[in-house]
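Below is the structure I would like to discuss, written out as structure tokens.
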């Protein structure tokens, strides 16, 4: 493991910013810390960087205990949210700063800085001041400045927040490529789930000082462990349910008048358990009749449709609850399958697509 | 705001008149020094530069200039060091009583100079340990320190805090951060403060009045004595030289800091 | 350590610096580190400002027995000052001076500030230079200039007589009016600069909008610009007023014995009459007055930022 956090917690007075958590990051991984404002992701990042001291717990970087080691001796580089480039220094001087502070001879500095600027493709601009650069260029300087000390870990605090949409997509890919090329373990903080899903190897979803789940993009989307992760990543339809029958292979859950089947898996359900039942809109289909026994089905009336080109979103009133169904507009959806407002339809999905959370 | 020609001309005329009021007296002093006759009369009948040659002969003038320059230079150094130290402590650290202490540092601005001067007179008479020059220096630093603190704290407060963290991550220690990050960032504020301190000290009259003695006279005090003894073109010539010096410093200040900032206006127009 | 990957040897200066850096970092981590920065200026100010001021103001509460030189706590000095109509007249004179000078500075300063903010960069530049350069010249020289100008046979009177406005020279030196003129000249920049700073921040489109709605010059000024510039007016007025009532040089040189204000009186009592106690009491009254104005300013500022009900 390049990074290992054990029992890390941080409190400010009575406020528990980070509840004791563990995290392990293998070498070369690009990990996203994802969560809403105030969830503690930036605190956690700064803690790993060494700008904040933990109230409890241990941090190891490449096997070395760095819990009480100051930031500049931890072998980490940090890219700040607004880049924090020294405004009175040129690009070259900004990148050279860390090397200068360590007393490296001038000739060596020159060589290394030039190399690093090449890596981020900023060679021509080394004489410019930060105010003369675009947002994307400033970000690259910040990355170069962090990389020049050849850290084991690269940390980035909402690196794309200050960029506009089009530039953001491009810079995300660039960062991904750079990280892969250098094979440098990296953690970046974001509140944008699309960003996290797009470029990271794994995502750590955080909420209120806790890591709710660490998993790949597929993992947090298909198998969210908590209702928070379910709600934060993608969309879902939620129902209140009660377990009516359960055995080793699966269970039957009652949602109002309907009975749906679920795959029990490792949940250990017993009769009478109250659950939140969730299904993602993309996993649901519409049909005009109740279908085969191997699919779950609930009935409702379409109250609204939203045509989005690639897909269509249907809003179905199902016994007092508004359910959303997303349907790809492929050519196989033949004319008679175009549903309209007022149609009575059956919403169907596979039992395996049902997500369950205790209430 | 004025919308038609008449309004425009009227208000511009008023503005120019007021500007003449502001600058006029200084121009008149300069004009007096150029008069050939040994009279204080404006406008001068004939022009001559002869009085400028006699300026150096004015009793104690050169000594006073030298003293004031020395005093102003040392005051600037002292106030700069103490002011930067105090401002750093007040802005970069959190501690109990921070706001009250800031008020204490700024308090000399609020109190009448006359009272400060008299109080220091009494104090230094009681202590009676220091040379006159030292007491003058101390008084000047005490009076200029609040300006420096005010300027520096304002500059430090608008600095991006992340710059300090970035420097820390790069391995800069406290001194390196100060030299390579902090000071360059507050350069304009510092230079403005230092220039202002120099001028305040060089021109200071009220506080210095109570602390000088016949052997240690600052320039403003000596100048005043000249004007009380005899009002002749030589004195006007001395005053003109000083006005010229002030203008030079003004030009230097504009070059180093920028005219808008000198006037207390924000550096970018809203 | 990161730069273990780099095998170059640090420069000589750095190697000499390293032990000092280590000590510095060790100290910087301590909770009391900031005191190293705070204490020198604080001690200086305490020793050479706070203590002298306290010592001096304390004198105001002391009565010295003329025979035994015994010192007792007493409010006698204040009673003496506040109980005497002559002394109160001086206080009143000083306040009057402050108000008049402030008002005139506002009257003259507002057009300058407005022009600076609205007339374009060229005007701004020249007005700034004209306003700032007197600040760089010693008050002694500025007062000297006025001494010359206001004399009975000085340029001003020459001009007034030559143009037929008056027949005989107007007496301006050693009068209240002369002091007012001198003070307005000295303190005008203190009104103009804060005011300009505030006016500049007022959105010019507000005035345009008012104009397009039919408001004439006066209404635009009184209902749009003036209210919005109130913070600047308050700031400038506070500065000018407190400076005017505390002013010593101008009243002393341009007013002489005929114009009695509190600062000159304090000096008189202490340096000439050697009554330190009485002088200190008067000085304390002056300071209280200044603090009162400051408090009033703060209160007014806070009030004007409340949303209108």
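Each chain carries a letter (A, B and C) given by its place in the written order, and its residues are counted from 1.
Going forward, a contact is a pair of C-beta atoms (placed from the backbone, for glycine too) under 8 Å apart; a residue touches a chain by one contact, two chains touch by 3 or more.
Predicted, not measured: the structure shown is a model, and the values here were computed from it.
K.L.:
Please flag the chain sitting at the greatest distance from chain C, going by CA centroids.
P.N.:
A
K.L.:
Hey, which pair has more contacts between C-betas, B-C or A-C?
P.N.:
Pair with more contacting C-beta pairs, B-C versus A-C: B-C.
K.L.:
Can you compute the centre-to-centre distance for chain A and chain C, using the mean CA position of each chain? Integer Å is fine.
P.N.:
Taking the mean C-alpha position of each chain, the two centres sit 58 Å apart.
K.L.:
Taking each chain's centre as its mean C-alpha position, how far apart are chain B and chain C in Å?
P.N.:
14
K.L.:
For chain C, jot down the residues that touch at least 2 other chains.
P.N.:
25
K.L.:
If you look at chain B, which of its residues touch at least two other chains?
P.N.:
In chain B, 173, 176 touch at least two other chains.
K.L.:
Check each residue of chain A and list the ones that touch at least two other chains.
P.N.:
Correct list: 70, 73, 102, 149.
K.L.:
For the complex, give me every residue of chain B touching chain C.
P.N.:
1-3, 7, 11-12, 14-15, 18-19, 21-23, 25-26, 28-29, 32, 40-43, 82-83, 85-86, 88-90, 92-93, 95, 101, 104-105, 107-108, 110-116, 118-120, 122-123, 126, 138-139, 141-142, 145, 149, 173-176, 199, 202-203, 205-206, 219-221, 223-224, 227, 231, 235-236, 239, 242-243, 246-247, 249-250, 259-260, 262-266, 269-270
K.L.:
What does chain A use to touch chain B in their complex?
P.N.:
So the residues of chain A in touch with chain B come to 49-51, 70-73, 76-78, 80-82, 84-89, 97-98, 101-102, 145-146, 149.
K.L.:
Going by the contact rule at the top, pick out the chain A residues touching chain C in the complex.
P.N.:
These residues of chain A touch chain C: 70, 73, 75, 99, 102-106, 108, 112, 149-152.
K.L.:
Would you pull the chain C residues touching chain A in the complex into a rising list?
P.N.:
Touch residues, chain C against chain A: 1-3, 5-6, 8-11, 13-15, 17-18, 25.
K.L.:
Would you pull the chain B residues touching chain A in the complex into a rising list?
P.N.:
Contact set of chain B toward chain A: 160, 162-163, 165-173, 176, 180-181, 184-185, 187.
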